[in-house]
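I'd like to ask some things about the structure below.
Chain IDs A, B, C and D follow the sequence of writing; residue 1 opens each chain.
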Amino acid sequence: MIIVQIILVPIIALVMGLLFMGLFRKMMARIQWRYGPPITQPLIDIIRMFSQKTVTHGFMFEAGLVLSLAGSIVVALFLPMGNITVFETGGLLVVLYLMLLGPLGIALSSGESGNPNSSIGISRKFLLALGYEVPMLLVLLAVMTHYNTISLAEIVRIQAYRGWSFGSFPLLLSGIAYFLILPAILGIRPFEIAGAAQEISSGPKAEYGGKFMAFSTLQHGLQEFIGLSLFVNLFLGGGDLFGLFGMYANTFLGNLLAIVVLLIKMLLVFAVGVCINAAFPRFRIEQALNYLWTWPSLFAFAGIVVIMITG
Amino acid sequence: MIMEELKSKLEKAFGSAKISSNYSNNLAIELDETQAISMLSYLKNLGYKHLALISCVDWIEDNQFELVYVLSAYMPSDDSYSEKEKLNIIVKTRISREEAKYISIIDIFENAEPYEREIHELFGIHFEGHPRLTPLFLVLKYDKPPFRKDFDTRQFVDDYFGNIPPVE
Amino acid sequence: MRELELYFGPQHLGMVGNFSITLQVEGDRIVKADANPGYLHRGFEKLMEQRTWMQNFPLVCRINVVEPDHIELIYSMGVEKLAGIEVPPRGKFIRSIYCEMARVGSHLFGLWAYSNMLGFDTVAQWAMYHRDLLLDRFEELTGARVYHIYLRPGGVRRDFPDGFEERLVNTLHSIGGKVPDYNATFFENSVFEKRAKGVGVLTREEGMKLGAVGHSMRANGMKYDIRKIEPYAAYDQVDWEVHTSEGGDAYARLFAIRDEMIESVHMIFKLLDKMPAKGEVFTKTPNPFKWRVPEGDAYVRCESSRGELGLYMVSDGGIKPYRVHFRTPSYTHGLAALEKVLVGESVADVGNIMISMYVVAPEIDR
Amino acid sequence: MDRNQLVKWIKAPAKMGHKYSLHVVYFCTGCGIIEIPPSITARWDAERFGVIPVATPRQANLFLITGYVSTKTLKAIIRTYEQMPEPKYTVGFGSCPINGGMYWDSYNTIKKLDKYIPIDGWIAGCMPRPEAVFVAVTHLWTLIDKEMADGYKRYREKYDYYRANQEKVFGEMEWPPLYGKE
């Protein structure tokens, strides 16, 4: 059974990642008074990229990308998918550490290419990560303290009978903090800084062509999946819909429904993200850090103080 | 009005200058090459601080290059317009075509830099005191600077890029 | 920290037009900027010496792609000045209306480029859409979307078609009706303010030293506008204002552009009201193949959407110009001022500054 | 348009991918670029057909050469073209790359672009309207379908010819030949 899960969960994650990207382009087009590409356009692009001949810049150029993609897939395995969590051990702490593998692999890979745009893009990426990691750690700490567990699956289960943490008082502040840094985690505007096409020729992706570009696109999709999934699981109750499907618990149908509910929630959150993306230009990196270290950090800090007091 | 004043003032200061105003708002001053620089700084002190253009004309029949400096004035205050800004002063001086060199006016007008660089490239005039007379526009090597009148573009195109259709 | 050499352009999403800047970068700061033009050099002024006065019209408009109309205007004005031709009153009004339409279109293009540079696709798409509506009117009037070749020495090529005024007013209303939307999404956007404020400052003193014109000066509070200083066409016959802003940075320049655009639309309405209903639109000129323009040399200038546009023209009394030299606003902005302003700024703001100063590459190279 | 025909996708995924994912190098080579923003934005919206501009040549597979090519630009064009991964397509946009157009006697623009890099199709006119870009894209689809868009193959096979022409203009070139002598 676990083998089926290990195969299925990454596939769902990848498909969702592509769907997010397709949806992103379609929604942006509609906001901009356009018809927009078909929702399958990212898949078409990836098919095209895989069939192109490419130039490699050395061993690390390839290995870094593989590391990044593999790292992201492993993270997806640690995240609860409805009622299923492939690897429950470790929980949030492991997720937190593995999430670094994605950017690290990209950095190693595009650093090898020697393109100055890439190196500027990477430095921006890490600075941005530095920016959102502070409030994110505080938020996770608050959640872990409140629920007295580090297991994500456990947190989702508790939310199913205690109510979503985004709606409950002590975690509300942390939830807001996480929501404020979500665009930075997803890398959408106003935080589309690392891959800013008009400034540094799409940054780390500048030297990727053909299959490398395809890998990095897939990795980007996974990154979005992970960011959204973490948010939904931590604050919006994961695959739970007010206990509506409680009677199907632990059946195949119940698991399926939970997954569907989770994905729909993610799509809704993502739609809000797209609207934010459409309404803002991008920050400069120091402005982004400035922003991330003020309001979200304040909310996160207040959140953890409240948790400490109320217990 | 202001043109007449300026004319008499300039005639007093520079006796040899030929000053004419054949067209409305244009004041053309012809000088010999030794005096043109001092004329430009004199005009700048009078308030004509905006160097609009440096141009060059190749008078091949006279065997001379003519350097043309066009000056005008910025407004003295923010929102009043006077006759002074209306005036375009064209300072012209001729230099020899064989030994084409002149003095750079970057010290007087900072934005002369790209203009002089361009003229150096397209006409082959050397400007003394210019910090970088590197190529600006062209990558090909031309046997003659291409804006000189004796540079035949059609012949060049024929040689370099293949045939061109017959014309005229 | 290690110094990097960064090529900004010519193949770069942040580069509008074929232009290149070589940047010396230390971390995210620019320590040296080296403008590298010439990718669009066609030697116009040389080519024009080999064509007759009228044959040059298709050439001159191609000097600036974004706004060919003012280049046509300046060339016509130059020929008129040398040959002593007067433009009939209705022709003058049509010229003014045509140039203001061009200014609005050009500024909308600039808004596209600028918001695109900040990664603000949404406003970029809107601006481009509205520019297209205006191009439809141009197409109706002149028969072409981009290169109109509508002006000629002595006036304009033909009169307005039937009902054109009404359709023009409708188009302008539909664009002007969206100004509140632009304000809400773009000009009052806090992120835009953060990105543009204090970036690319060109102070008044520095601007005067570097020969800055147009909205770069108007962003410093100086009402420097050739349309007021040396009125041409019909600009002295209607009431209008020069709008300025303070600060001299990209933010101020963008606001100067916006206000100028709105003023242009109002000016078109006023011009349409005051325009003589009937009359000639051009003065007859001699046979273009035999036309000899009298000997002389003159400098003419007009206010294009980017600033003072000048033309120095020499005629030796022949059927072809002896020498023409365009003084384009992008030339000093792009080569002299940009190199100074960019130093000390962040890499992220290169496109931001360049577009806010409105550097159009083909104008530099000619 | 056969983008929605699943059978074709299963039969020849690579070909269909190339057809419906044309990523354009964003390179404003000439004045033709003025009609590219309208065709990628709200009014015409080229993204409907999968045509979008991308930042670097590595990610692209279509090169729109928009307008006249001066010698300095030609150098950049060759470099950009050689960086693109195969298969790649080039379309000359406007009259000027075809035969020099109105710059036929200019000393700094090259006249016949297909002497220096292979071109798969031309769009005539000055300016071609945005609709012409779409016509060109649909023609390119047909060419890709029939495997006639083989510019990159020609470049590989007749590299000596192209390189000789390039060297005739520039003299010595700073970079080594892309394809070695076989």
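Going forward, a contact is a pair of C-beta atoms (placed from the backbone, for glycine too) under 8 Å apart; a residue touches a chain by one contact, two chains touch by 3 or more.
Not measured: the values here are computed from a predicted model.
Taking the mean of C-alpha positions as each chain's centre, the chain lying farthest from the centre of subunit D is B.
In this structure, the chain pairs A-C and B-C differ in their number of contacting C-beta pairs, and the larger number is found at B-C.
Between the Cα centres of subunit A and subunit C there is a gap of 44 Å. Averaging Cα coordinates per chain places subunit B and subunit C 23 Å apart. Separating the CA-averaged centres of subunit A and subunit D is a span of 36 Å.
Mean C-alpha position of subunit C lies 30 Å from that of subunit D. Each of residues 32-34, 197, 201-202 in subunit A touches at least two other chains.
The set of subunit C residues touching two or more other chains comprises 12-13, 38, 41, 43, 46-47, 50, 125-126, 129, 365. Touching of two or more other chains is recorded for residues 41-42, 54-57, 72, 105-108 of subunit D.
Applying the touch criterion to all chain pairs gives A-C, A-D, B-C, B-D, C-D. Residues 25-31, 33-35, 37-38, 41-43, 53-57, 68, 70, 72-73, 76, 80, 102-103, 105-109, 126-127, 129 of subunit D touch subunit C in their complex. Looking at the complex, you find that subunit D touches subunit A at residues 3, 13-14, 16-18, 20-21, 23, 41-42, 45, 47-50, 52, 54-59, 61, 84-87. For subunit B in complex with subunit C, the residues that touch the partner chain are 22-26, 28, 49-53, 55, 57-58, 68, 70, 72, 74-75, 78-79, 81, 85-86, 88, 90, 109-111, 113-115, 135-139, 146-147, 149, 151, 153. Of all the residues in subunit C, the ones that touch subunit A in their complex are 4-6, 12-14, 25, 27-28, 115-122, 125-126, 129, 185, 189, 191-192, 194-195, 346-351. Subunit C meets subunit B in the complex at residues 37-38, 41, 43, 45-47, 49-50, 81-82, 208-211, 213, 217, 221-224, 228-230, 242, 244, 296-299, 301, 308, 310, 312, 314, 322-323, 325, 327, 331-332, 335-337, 365.
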